[in-house]
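Each structure below appears as structure tokens.
Each of the two complexes below includes subunit A, the first together with subunit B, the second together with subunit C.
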Partner chain A sequence: MTTILLVEDDKNQRLLYEQELKHDGYDVVTASDGKEALEKVQKQLPDIVIMDINMPKMDGIEAMGRILSKNKAIPVIINTAYTNYKDSFMSWVADAYVVKSSELSELKGKIKEVLANKAKDS
Partner chain B sequence: MPLDENLSKKIEEVCLDLRVDSAQQDAEITEDLGGVELPKVSSGLKERRKLERRNKDKIIDVIGVGLCLLNKELKITWANKTFYDWLNLKDSPLGKYCHDVYHCDEIGTDSCPAASVFNGKAGGIIETWIESGSMKKMCVQHVAIPIHNRDGNINSVLILTIDSTESEKTVHKLLLLQKLGEAMQGTLHLDKLLHLILTCVTSGYAFGFNRAMLFLVNKKHNVLNGKLAVGPSSLEEANQTWKELSSKHSSLKDIFKELDFSHNIDTPFNTMAKLMVYSLSDTREVVIFCAKEKKPIIIKDAVNDPRVTQEFRKALGVNEFVCVPLIAKNETIGVIVADNIYTGEPISDDRVSILTMFVNQAALAIENAETYKRLEDKINQLTEAQRRLISSERLAAIGSMSSYVAHEIRNPLVTIGGFAKALSRFTFTDSKIEANINIIIEEVKRLEKILNNITDFGKPSKPEKVDTQVCEIMVNTCILMENYFQEKNINVRKEFEADVPDISGDPTQIKQVFLNMLMNAVEAMPDGGDLDIKIRRAMTSIEIDIVDNGKSIPKEVLQNIFDPFFTTKPNGTGVGLSISLKIIEDHGGNIDVKSISGEGTTMTMTLPVISRKGVCSNDDYPSR
Partner chain C sequence: MSLSNIQTYDKILTIILAGGQGERLYPLTKDRAKPAVPFGGIYRIIDFTLSNCLNSGLRKIVVLTQYKSFSLDRHLRLGWNVFNNELNEYIEQIPPQQRISDQWYQGTADAVYQNIYTLEKEQPEMVLILSGDHIYKMDYRKMALFHREKKADLTIACMDVPLDEGKRFGIIQTNEDNRIIGFHEKPSAPIPSPNNPEVTFASMGIYLFNTRTLVKAIIGDAKQNTNHDFGKNIIPEMIHSKRVYAYPFTDKNNNDLSYWRDIGTLDAYWKANMDLVQESPAFNIYDKDWPIRTYKAQYPPAKTVYQKDLPDERTDMIINSIVSGGCIISGAKVEGCILSPDIRVDPHSEIYDSIIMENVRIGRNVKIRKAIIDKSVNIPDNMSIGYDREEDSKHFTVTDSGIVVVRKEMHLI
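Coming up: the complex of A and B.
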């Protein structure tokens, strides 16, 4: 079973993604900010992380940096309402960058793609 | 001052006359001594008196002053010849009232000089214009002098009538000069001012030259440039213009009012003037000579005057002209050339001296206008810069505002639309529910589309790949880091092969890579060292070596250096090399690292000369 760590501070959105991803057959662990995400990564060892950027306590970019410096094998997909981070060098290290949309098919597609690449590399 | 020619001639005549008279007198007196008859003596005395009176009359005539005696009734009892001439009298004025003869309005007022003098007061001076016998307009002043009899009473008044036409003319000219000066100082627009100056030089009301041309010094190019010329281009045109002018009776005020700047602009004369350019070092040209000497030059005979070149004379087409320098703050800023090509009227020293006074004022006005223009230009530049600043700041504000609003709205929209979509997977017994859910989904999609348009507003344009010369970028990057190299005591040696071909790439991104790589190399040499940069051509690619002789990279670290967020530096972010690799890979290239303990590190970047299309587009998010 593939485990996804979903990092999202908006309660309703977190609920939406959790529901949708579970519906697609993934195991979903959630975190509501960057700090919580770091703890969950250590405990649950997810196969993939879906990371929001604008969050309280610790933002997604910093959390991603900390996760990757400890475990560079975990792929990260940035899922944000902001398009402008796409041009930032910092977010280039993520495996994919998805601009949030009510149409979840893009995110779902990227998850499949990234997981497939990971399977190929290992 | 030399005596007026007419006057001296007259004096000579009178003197000659007086000599003849006295010779006759002497002869008569000798005769008188011979005879003893008394009646003869008395008749001789009468004769002498007559003679003396005649001589006095002659002397009075020579003075050039109109004289008349008035009795207490202000009737004329005597007048000299000059008086007759000036007032153009056909009948004898004797016995007539003085104001009738003078056509004077001062009678009965306090300002009548004769009446004042009779009343024991000082006689004031009154001034009138009269038309003399030779139909010449004259300005005259009247002065009253009391004549006392033996008892000390005033029984008659002598009126001196003095010709003040010349001094009046001078005063008029000075007033005109002042008016023109005021008008000029009030004009700050340079083109208008130049036009105004030349219009004054050519207008009959002011200086009345036929044509005038203005040159200005161009300091930057060290030349004297023709700027404007005013005046008719042909005799026919001249006649036409003068006819119009005389029918209009233009006064100075009218000239200023009607000064039409488009007028005269297209004349051949003006076009020719604008094409005239003389080097300031070429003093053979009379205009340059005039500018250097800072003195007006009158050319009476251009053909035989060595100061005038043949070209200049031919261009002007006239044998007599005047050059007056425009001097402001002791420096020549230009030259005015004026002539009388159509009337052929000689240019007098008088006219030139008053023109010079005018031109000096004009020079100051031009200087002012030029300063003003420079200021105006500067202010315009400032305003423009400010406008752009405000506009860009406003754009930035709109951008950040719209992006904030867009993101705040996007998040709840995603939730609404996402749940609506989740709902649509269920089957409903009531078909209305399904239709309503679809409406929610469609409306959310529409809103998201609008948001995408807004958020794209502030997005920078996508990087573009162009033909790029890597050596050039490397040189520029090194220049950028020059101070840093010096500060860290780094000796940079560049070794670029000739004819390194262009690659297809984004110069900004490649510069970013070079910056990262050079920075790393410098950081590897904390105590300074040698940094070699080599660029050479390989088979189908170019290779760039960055070699340092600093501390090498340990083996266990070497395999991680391209991983994101991996760093051994206390303040490093750990993205520099990973981004560099990503960019180079985007360009279809590769980075190779060799590090030997105690020798240093060599980073080799390989970039293909012909980039593989489709491999490297920033739109696709590359996989790690």
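Coming up: the complex of A and C.
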């Protein structure tokens, strides 16, 4: 089963995403900040990470860079309420950049696309 | 040069790679990074690249350091504190920040990738990537104009090198418009140049990138298991998808004979130094239009002493040599040598074809030939260096071509 690591500091959003993704058949592991995400990546080796940016302790951009330096094969999708992080060079590390909305179809579409690309590369 | 061209150079960020271990220059790199190795009496190797930047009007410079950077940091602080921050000019040395990785620099491309925040903060239009261990004079403005003219994504400075040396470099093939159509990093059989079968067209490791192209390339590379090296990974891949051009290097002084030396080995280091003391040097450090800057401590002028109290009166003889401030040569012979500041040479000693660094004391009746004596060494009376390979090898580093290297602060008494 495909494991998604969902990194999101807002409790309600975390629950919403978790339920939606589980409903679609994914195994979902959650983390509430960048630091916790790094620990979970090491333990669970997820197939893909969905990463918020504005979070306490360690933001999503830094966490993404650190994940990449250890686990090059794990793709990351940025999922943020802000568009302006697209100008940040480090955000280009992400395999996809999704602006949060109440409707999850774009995020779900990107998850499929990124996983398909990963399968093609390996 | 029009105003708009001058403004172009304000949009270039220069990154100097100064993080290599310099193992092949050991023991000169025992206590210092390769770019900080003394050169030509009063300089450090990095001074030549930095002087090129200054003389080309490039005044936003970051120096990426890593190993043994203390003496390099000190040199940059003392000698290169000439940029005006209020005019947004700077020279910053940056050791690994471990900001996006907890590792040291894995390769040249990784070193730039790990400093991606510097690029983001500065938002330059172009990034010039240089090595801190080359001796040459180059006006980077001409390369930038070429880059613009060709609407290139990446421009690489190149020059002809002898065919048999081609295996040390990235070898380049171009079409008639100078666009690069082939790139082979350190090939075992370099392809000869179409115009001259005795030479091959080599990359000098000088890269001018459009910033966005660079960022995309180093991120792409960071996500793969490669050597994270511009020559091995980034460039061979990029020539197929981007506009990559070869800029034919011309010397600042001398268009017929382009002088560029990669100080990769002790032999190359010795030879490049010796180039300075030839009767008509291929590399001119006396050009007032292209000054080479460095840090100099205060020393009194060099002095020679006539030793008439000796039984056989002894006059100094100094031929084809560079003698720096603070040296006192008393009744000795110095030929084809480079003497750094603050050296004493006592009577009846003879030194040939050697590089002597700061604060070395050479006693009486000493003979030295084809040697590099690093800082603060006392050579006792009657000692010979460079005359008996077997004996020298017991105490010192001796290169393939027979250059003897005495390490810094070595005790010989």
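List of remarks:
In the analysis below, the second predicted complex is superposed on the first by the 122 of 122 C-alpha atoms of A that agree within 3 Å, B and C clash if a C-alpha of one lies under 4 Å from a C-alpha of the other, contacts with A are read in each partner's own complex, and residues count from 1 in each chain.
To be clear about the criterion, a contact is a pair of C-beta atoms (placed from the backbone, for glycine too) under 8 Å apart; a residue touches a chain by one contact, two chains touch by 3 or more.
Since this is a predicted model, take the numbers as computed values, not measurements.
When both complexes are overlaid on chain A, the residue A:Asn71 reaches neither subunit B nor subunit C. Using the contact criterion defined above for the overlaid structures, shared-chain residue A:Glu62 touches subunit C, although it does not reach subunit B. Taking subunit A as the reference chain, the count of touched residues is higher for B when subunit B and subunit C are set side by side. Applying the stated contact rule after C-alpha superposition, one finds that A:Gln13 touches subunit B and leaves subunit C untouched.
Looking at subunit A, you'll find residues 65-66, 68-69, 72, 89-90, 92-93 touch subunit B in one structure and subunit C in the other. On the subunit A side of its complex with subunit C, the touching residues are 62, 65-66, 68-69, 72, 88-90, 92-93. Subunit A contributes residues 10, 12-13, 16-17, 19-20, 23, 54, 65-66, 68-69, 72, 75, 81-84, 87, 89-90, 92-93, 95-97, 100-104, 113-114, 117 to its touches with subunit B in the complex. Those residues of subunit B that touch subunit A in the complex are listed here as 403, 406-407, 410-422, 425, 441, 444-445, 448, 455-456, 458-460, 563-566, 573-575, 578-579, 582, 621, 623-624.
Contact residues of subunit C toward subunit A in the complex are 99-103, 116-117, 119-120, 215-216, 219, 222-225.
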